[in-house]
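Structures incoming, each one as structure tokens.
Look at the two complexes coming up: chain A is in both, with chain B in one and chain C in the other.
So, the complex of A and B:
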């Protein structure tokens, strides 16, 4: 298990420098009626704050539509935030000009969910890997070859010469995702954003790809944001886990603490819903909250989870938005249940 | 490269594609051949040069191969020149600068029809005294018919067919008929060996006299000639590169621009998308042909000006909406998002990521579009708006139409360019349909 190898390296939080700091980030999408009348906003991100340290792997979990992907894309600069700041190595990247944005984007790698869709079907492997370099001014042929060789070796697409002239459709799903990782790594980024990198892959190659990502992360001291709805994979991966619900982060915790004892009722429910190949499951009853994810256009007042929450405190949860309470050293929850701590 | 090879392998399984490709390849070979053997300036000179260029070809002659399908053989032109065959000429010095320069043109005539014209051309070199010739016609049965006496300038032409004195002497029939007619049955040709005897006399030391006899036939070459003696082959040959270039450039120009515009509209969205769609709606209802006629009348009839206008007007149309809908889908692809994430510029995304994705759809449409533009060029030429200098298929049709080719029975004049137009259209259409099936597998069952 790669996790075991990492534990020795981990430094206390205060000694490490944050590579990415997100402050009160809002990304709203305007909805129009009849093409010009404003009908409201979809609040895909509604006040997200966190810090990510150099060489740290962070998982963000949550159900579909909770804003995980919007968070990833806003950090990548693919969506422009409505409000809030993103500091990357100390500079606010929401205020950059065109050239600076380009330089910023070169330092952040992006791994997508659907590897086949993420690769242009009309380009060869070599071309796909060369494109980011051409765009970012690495024109020296020898340097290009060196980097292509290096990243392909890193993602274990060998023999390299066999792969270079191939088109994406000639590769298997796992190979495609390795190529996507190779492309994300070719500009030697400091931060990788992986948006559900294994959810479209066969179960048999998932762990392989995750271990590969983990290995690359150690080798390059990379920071990784790993976004997933699949809780069974996070344990292989990260130091910290954030749980998202209704466009907000509702729980921040170290992996160990969260897996042992999830605090927020939603996180608990999320873990309950994880399918483990355990015969005992047949006899136990799992409590899964009823109802549907909240509308992000008209989010519920107070805690966004309160309409589905079994531990709802009337008069509080449905009125006041819960702030973040620190429950233990490495566990924070935005839930009124922990208001005492 | 392997994709291209695969494409060709797949094309081979469609007979229509093979036929279409062969037609196109042949057209391209003809076009290259025409441009190599007849350079542009030469083609323009041949087509625009007037009667001096085409002295030796008959007027409105049919193609020569027509004789293979006829019992009564039509005559081909007989050309005899003393400059090329000095044995036709006998020079005898009489002393004191005086010399005879006799010429004897002897030819066999076994055709079943009369020639279309007879002419003689003389060239002479002298200082002040012009040479003299007297010309005599000898029929196979030995009759001698005096034609004329001439004093020859440096260049002299004697058109026997237009000599009314000869016509009178033959009893009022046209000379080209009367001179060849059977004395017993004037409607038949008297077959045999004819002679034209020229008795020439030069009056100066060093003065020379040369002559030529041309009996114009009724058939000429592979394609025949038009009302100005021009070999139609020149226009058929040169029409090929013009038609191909016009068709391909118009198709490439308009479809690539259409696609780029559609991609830009989708990529930038907002008011750019709005503006492109509104402009498209306006231009879509503009009638192409009347605008082209106006451009031809008031601005320029140059084929390149017309090409420019055709491309400009064809950019807009339903195509832009079709591509737009495809690009809306492409815009959502993960690889476009990835390209943005690694910093690709707008132009790069449009040209390197969006357009290549749709090009496979474009190719069959584009190939099938080529004949439309070839026909459009011909249509304009038929309407009298063809390029003023270049010989093209459409101009042939226009010439044929204005000089009443069909009314006069000169079918070949209309059928030859029409055949080439149809074959070209067919070639591209067959290839286009086959490509459509290859690129759109759903059509394969049909």
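So, the complex of A and C:
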């Protein structure tokens, strides 16, 4: 397994091949009045561009309604994009026919937020793990057994024989989430999309699942997109962080750079609002931007954060949409404050 | 002059009857809470946090097997009150609660102001509507909601606003003690920070005593003066917040702290292997022993509570006979 490259000595970005390239992606949902009159569009994803490299873990942070789950589901092919392209290993996956889509989906694993909701309650563990193989034409019984054994070992659901006949309700939350990970891994994907994989779990189990995912990622040289609202877990998980607000990516940075110095005022606010356990917190109030996230049907003109931003530049931020400015080697921000850099 | 200790709970037990046997959800919990302070009760799901406060407020289901112990509220043992007297004199007039996910249980067809006023009409019979609405407007301001939202229906409010409305409902009767069960876990990060600011303000300005139930120690640190750690129905550690985050003593509390990811500090995260014991027939000795790296022979017996320096109370054999010294490393 080519995991040596991942333990701290990654190749520079230019030499690596992107496994996934997303170009100017838009996913809009039509809103109807009285069932047939078009009332407008919810712009859940409005112009997102990025590249993801082989074996890279990428975190996407943002609050509910910022479009992060829509991004995940559009990449997985669960939503059809309104505009834009998604290239997976060089092929545009938005233009595939039915059979090709099936093949694409076998290469992309999905880890859902609520493990119990994601597991069919009437299927045993064995059946749940066999299902993706049946759908994708792996019918050889020995091969099926080998793969089931391998993924269960990997997610540490042992002894394996005890777990095979169990139903999801007989497992604890952490075990359920391991099973979801095992199911995502059974077709040996190249990319995993994990949508808030630990938000429903207890703190002590959370770390265990994140470390497990990290290990699987190293062992298989997997690319992972980790979607979360919790900034404090990303440090332990990813190489790069994107921060999303109002259906757009507003900051792209390496984890190290972002945690040291978040650039975009919104990322700063998220950073400020996260509390670490510290007795000093009792004495101070947090600075929180006023207001609510914007409506995605009628997003504000210019920068979508400008109505809540304390550093708003009148005449600029409220008129022009900020492009992405490169501020340092590994940090980009879509904010007019950095227009000189 | 009322005494300094607002709540004094001694050996509180709450066992539920189930087909498989009694579930010992709260098993011999003892703690004290000072007026104006906030106690954060932390622990994994299913450790009995919510059952503990429901037992204190006597919001109980029907399948009760055992409900014993003493709860002194302002020096009076309210466990001796019958249900009707408790309802009239204590619940919501002196102690109120914001249950978990209560922001989703507002009645969708009743205006916000009428819902917030309801406890007033129940607990202060004969209060005029005018006066009640005046009081509602007051608490609305306290929780930081604009007054023109009074006339609206719950669906017109955002999640953070609805959560504030339920807190207003708990505050409207001017209780001395408010229990908040996971008040911010369903909210977004910025909304959560906002809510903690509001609670902090209420605490400073009105001297309200809070019990905050949460599994998020980071958020708890915004409000808590004292931290109580629960494990498998027992309170295994109670400690001032000043020392807890850096110097927790019980092996479980230490593991719990080591599993909390931090944003500003890079530390090696740990997890706690294994699972908490079943609360039906839990082990007779220390309930954490199976998962504890520091267990020794003594741990098969039930550990007593030892008070260490800084009034830190720990239920663990490691600290017995040691006067705050760690006996076994």
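The working rule: the second predicted complex is superposed on the first by the 332 of 341 C-alpha atoms of A that agree within 3 Å, B and C clash if a C-alpha of one lies under 4 Å from a C-alpha of the other, contacts with A are read in each partner's own complex, and residues count from 1 in each chain.
Assume contacts are C-beta pairs under 8 Å (C-beta built on N, C-alpha and C of every residue); 3 or more make two chains touch, one makes a residue touch a chain.
Since this is a predicted model, take the numbers as computed values, not measurements.
Colleague: Since both structures carry chain A, what do chain B and chain C do when superposed there: clash or fit?
Modeller: Superposition check on chain A shows chain B and chain C fit without a clash.
Colleague: By residue count, which of the two partners contacts chain A more extensively, chain B or chain C?
Modeller: Per-residue touch count on chain A favours C.
Colleague: In the superposed arrangement, does A:278 touch chain B (first), chain C (second), both or neither?
Modeller: second
Colleague: Nearest 10 degrees is fine: what angle do the Cα centroids of chain B and chain C make about that of chain A?
Modeller: Here the answer is 80 degrees.
Colleague: Just checking: does A:114 make contact with chain B only, chain C only, both, or neither of them? Give me first, second, both or neither.
Modeller: After superposing on A, A:114 lies in contact with chain B but is clear of chain C.
Colleague: Kindly classify A:78 by the partners it touches after superposition: chain B alone (first), chain C alone (second), both, or neither?
Modeller: first
Colleague: After superposition on the shared chain, which partner residues are touched by A:122: those of chain B (first), chain C (second), both, or neither?
Modeller: first
Colleague: Going by the contact rule set out at the top, does A:102 touch chain B (first), chain C (second), both, or neither?
Modeller: first
Colleague: Note down the smallest distance between any C-alpha of chain B and any C-alpha of chain C in the overlay, whole angstrom.
Modeller: 13
Colleague: Pick out the shared contact residues on chain A: the ones touching chain B in one complex and chain C in the other.
Modeller: Common to the two interfaces on chain A: nothing.
Colleague: Would you pull the chain B residues touching chain A in the complex into a rising list?
Modeller: 333-335, 337-345, 348, 352-353, 356-357
Colleague: Would you mind writing out the residues of chain A in touch with chain B in their complex?
Modeller: Chain A residues touching chain B: 73, 76-78, 101-102, 105-106, 108, 110, 112-114, 117-122, 131-132, 135-136, 180, 183, 187.
Colleague: Could you list, by residue number, the parts of chain A that touch chain C in their complex?
Modeller: 63-64, 172-173, 202-208, 210-211, 229-233, 235-236, 259, 269-279, 281-282, 285-286, 288-289, 292
Colleague: Where on chain C does chain A make contact in their complex?
Modeller: Spelled out, the residues of chain C in touch with chain A are 44-45, 158, 188-190, 192-194, 196-197, 200-201, 215-225, 241-242, 244-245, 255-257, 259-266, 269-273, 275.
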